[in-house]
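Right, I'll just put the structure down here and ask away after.
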Amino acid sequence: MAASPHQFDHPARLEARALGCVRGGRAVFQALDFVLDAGGALLLHGPNGTGKSSLLRILAGLLRPAGGRVLWNGAAIRDAVDDYCSQLHYVGHLDALKPLMTPRETLGFFAATRGEVALADEALERLGVAGLADTPGRYLSAGQKRRVALARLIASPAKLWLLDEPTVMLDLDATARLEALMGEHRAAGGLVIVATHTALALPGAARLDLAQFRPTAARRAIDGAGAALSFEDETW
Amino acid sequence: MTPTPDEAATKAAPRRARGLHAFANPARFMRLARAIFPFSAVIAATTLIAGVVLGLAVAPPDYQQGDAYRIIFVHVPAASLAMIIYVILALAGAAALIWKHPLADLIGRASAPVGASFTFINLLTGSLWGQPMWGTWWVWDTRLTSMLILFFVYLGYIALHSAFEDPTKGARAAAILALVGVVNLPIIHFSVDWWNTLHQPATIMKLDRPSIDPSMMAPLFLMFVGFIAYYVLMLTIRVRSDIIARRIRNLRLAQSAN
Amino acid sequence: MVRPFLALIGRDLRLAFRGGIGSLVSVVFFIIAVTLFPLGVGPSLDLLERIAPGVLWVCALLAAMLSLDRMFHDDHEDGTLEQIALGVLPLQFVALAKAIAHWLTTGLPLVLAAPVLAVLLNLSTKGFVILIVSLLLGTPILSLIGSIGAALTIGLRRGGVLISLLVLPLYVPVLIFGVGAVEGAIYGFGERAHLLILAGGLIVALVLAPFAAAAALRLSQE
Amino acid sequence: MVRPFLALIGRDLRLAFRGGIGSLVSVVFFIIAVTLFPLGVGPSLDLLERIAPGVLWVCALLAAMLSLDRMFHDDHEDGTLEQIALGVLPLQFVALAKAIAHWLTTGLPLVLAAPVLAVLLNLSTKGFVILIVSLLLGTPILSLIGSIGAALTIGLRRGGVLISLLVLPLYVPVLIFGVGAVEGAIYGFGERAHLLILAGGLIVALVLAPFAAAAALRLSQE
Amino acid sequence: MAASPHQFDHPARLEARALGCVRGGRAVFQALDFVLDAGGALLLHGPNGTGKSSLLRILAGLLRPAGGRVLWNGAAIRDAVDDYCSQLHYVGHLDALKPLMTPRETLGFFAATRGEVALADEALERLGVAGLADTPGRYLSAGQKRRVALARLIASPAKLWLLDEPTVMLDLDATARLEALMGEHRAAGGLVIVATHTALALPGAARLDLAQFRPTAARRAIDGAGAALSFEDETW
């Protein structure tokens, strides 16, 4: 296993405390707790619509929970959003690739928005798309786009990786590369949270079944009604 | 999971705001609204009827304009309400953004159509009046122009509100707009004033202000009170139905989940 | 903080350049709209001369307004906006950078195209310089105010019209003072006051608009 | 063949209604643009009266043009268009249905809004009826010609400008005859000839435009 | 196994003869042949960017091959596009769902464009999203959207199913449902062609590894140059 390009010295810890989520006026999950320490991995699974993506967006600070808190190193992330954001990578369903921009430019741009310089070549190399570094996004196949999106993880360092169905569209080779990267990242002191429906080798990962936090139908109705006047679905 | 009150807001909110938060409780607001409802309904009905009777039958015809002037009894109170309601809209927007007061969202949402209607009534009566008085339906006079723009501001507010499927998001967006708009209103007024006076002098004969006779003042005042009562009435009805509609919607969504 | 800011502007400009003629939306619209007027109103030079400042400014305003819905749209659709939001740049600077890039790709070309069109509309030569100056001061205000409207309508289908409706009342003063300056110069009752007001408006918009837009951006991510 | 055709129109209308005010793109733009003119040109009633037919028709034309890029855009982006193409409806009828839906959601509202705006611009009452008639004949032509431009630019980023450039030359005759009819009515030198030409243009466009648009659709398919 | 809602009486056969594909001026695959008979299934696999999606679009008549022909019951599909189209279902990467339209409306509309009446309820039931029939598209999670897109297969009949990574975003339950549907479809005389990177139970399916049809580097350059002046890459 090659050494990770980034090493994280200070230990880190991510905690979710009594998290609840309401979307479109409907309670999705409630009373969700977990603790994840440096080097750890958390695998989110559960049937469609149980809130995996919503949880990841809450953890990324993109969606506001209906209740509960997320703590990063013991402090609520809402109190230090900017600092927290710069320590995480979120790879969601959207690849954030422009048809007119090449992967190299894209990685450079995103690293710049984080105030850093991209390790673009190394990152593309690690995802097996070094040959496409200068091919505009419009010429890429679905899996190639996904690989470029994942290359963001390597192009600039971040302790916490939040990955929403990262294996979608990936072939076996790319999946293996991703697994290796996650392993190295954890070995270097990083944290990984992945939502996926497919098999993914994440040795020693904790598993969280979102279906277990589903509110009962009755509760859901009550919460939904109550939430109508509160701040369901607020963001950022 | 009961919806926890927004933490940051509670921490930062001044005491008064927390007091207001008490009304955010839908049940309490519903009780209040129920109490207000009959009063405003009765006041609106009586004053409007009295105003119309006084205005149409009792007030003497104007010595210059004959009976056409009677349109003033609708025209002027409508203009006042149009402006008052915009102020309320902006205050509600501020309350929604700064104190995150949920009821403020509903008040803004309920007020805007009423304000827009009054603006429209003012424009309509004004232009109906303009035809006999000025010989044209419309002139690009400063007051008329700024009223037209106010109408657009209302339409924008309503449109933005309804463009979001999620009512809370729509409310926040509209609140931002209302606040931005309030900065702008004086500017519009001022600039439009300036625009007209700098260009060619008004080609339209200006109407002399009728010296207000008490018999004209009374219906004017009654209509004004009636319009305000009507606004309060609409507000309570719409806020209540909004709360109920959201409950129903959420119940339906919750059921359709499984 | 400066590097991400410049990176954002730079990327927007680069995308605009690569977009070919497509990135010239506003100027092309400006030119088209202005050239349609002589066709619609008739070729009388007197008449054209009289309405020239108004037509030029109205068309500039419509042109600036039309490209607003593109300001955040693509970035929101393809997920770029959420990545930018996760970056180090505070949202008000994101909004400011977007407004600047918008001005550079729409407002500035308008200013450059205006003299040619002014000739076409037979604008009095006394108004030329002031037309340029007023556009230089006014179009950035349009971009800044526009960024609020664009941010408020992110993610809405057909946000385009809504933006028009939202920003129109805020654009009216710019139009009035812009035209006022040009006519003041032509008819000799002075343009300074109008230009000063435009400059003041620009400063106010520069300071306040990014905050309003940032509030709207914050709201926009589902 | 009739059912898919009506289904397509019906769906477009339904989406337009659900889009709330956002679906009134063109009318709102029309109203905004027309109201801006007096603000730019000044409140003189004489002047407004003289330019009213031109301003109304130019703004109607710009309004119709602006919503063209939406005609196929959303359906292309979300994969609906390829499903429609796999359906039984021949492409020229797809194009025709789209043009009809476009007219119902943009052209028709323009026609309905025109009288009010005509009042605002102090249009001579003699021109009222003819303005409506000319718009009723002219706006469908704009939608039909527009469908060709929209089909040609499917899938291009920022196709918007390109469409404008493509359809503009074809729109100019509509503008000229439309304004001609209204001015003919106002100044008393007759409007019949102009209206007949517009009607003829409409028939030709109804017959030919769907085929051209279908060819463009097919071209982008292969 | 429940009976398929649709039965196909006449046997059908799909053939690809010497198919070649050029995209963005670059040759993707060449000399690709296969024959698929009623009841058969073909599984397309191969690394990212080898042309699975492109092949499916060619088979759906949405993309023109750079060379070769596709035959449906022995006749080139180009000669009878309309008739051929009405006999196939193509489910690509895009879900073709409108944020403002409900799944029931969507299915109804697409069936109408095929001149049919949708079995919307049955279709949604089979995909396990009957409860979402009247929920606007914007409220659906990624997997729920995918299920609705797949419900098109059932909502109106078509002999040939072309599925591009259908399991993406699906949970185990939905994948099992899809597998069952494909089984029934084949039993009823239908044909299925699937491109996927994940494991999918398709008993007796032929497998086609797209990587084997990759042109050599030299060939690719020549083909690419030749194709540069043709109508490469015009797609819907």
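Labels A, B, C, D and E are assigned to the chains in the order they are written; within every chain, residues are numbered from 1.
Just so it is clear, a residue touches a chain if its C-beta (ideal position, glycine included) is under 8 Å from a C-beta of that chain, and two chains touch if they have at least 3 such contacts.
The shown structure was predicted, so the numbers you read here are calculated from the model rather than taken from an experiment.
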Minimal step count in the chain contact network, chain A to chain C: 1
Farthest chain (mean CA position) relative to chain D: A
Chain separated most widely from chain E, comparing mean CA positions: B
B-C against B-D, pair bridged by the larger set of C-beta contacts: B-C
Centroid distance [mean C-alpha coordinates] between chain E and chain C, Å: 45
Length of the line joining the C-alpha centres of chain B and chain D, rounded to whole Å: 35
Separation of mean Cα positions, chain D and chain C [Å, integer]: 25
Chain A, residues touching no fewer than two other chains: 24, 93, 100, 233-234
Contacts with 2+ other chains: residues of chain D: 19, 21-22, 32, 39, 42, 74, 157
Multi-partner residues of chain B (each touching 2 or more other chains): 152, 155, 159, 163, 165, 169, 172, 195, 199, 253, 257-258
Contacting residues of chain A [partner chain C, same complex]: 57, 60-63, 82, 85-86, 88, 90, 92-98, 100-101, 105, 109-110, 112-115, 152, 233-236
Complex contacts: residues of chain C adjacent to chain D: 19, 21-25, 28-29, 32-33, 36-37, 39-42, 47, 50-51, 53-55, 57-58, 61-62, 66, 70, 74, 156-162, 164-165, 168, 172, 175-176, 179, 183
Chain A partner contacts - residues on chain E that touch it in the complex: 23-24, 46-49, 53, 93, 139-144, 146-147, 165, 168-175, 197-198
Contact set on chain D toward chain E in their complex: 1, 3-4, 7-8, 11, 14-15, 18-19, 74, 76-90, 154-155, 219-222
Touch list for chain C against partner chain B, complex: 148, 152-153, 156, 159, 162, 165-166, 168-170, 172-173, 176-177, 180, 183-184, 189, 208, 212, 215-216, 219
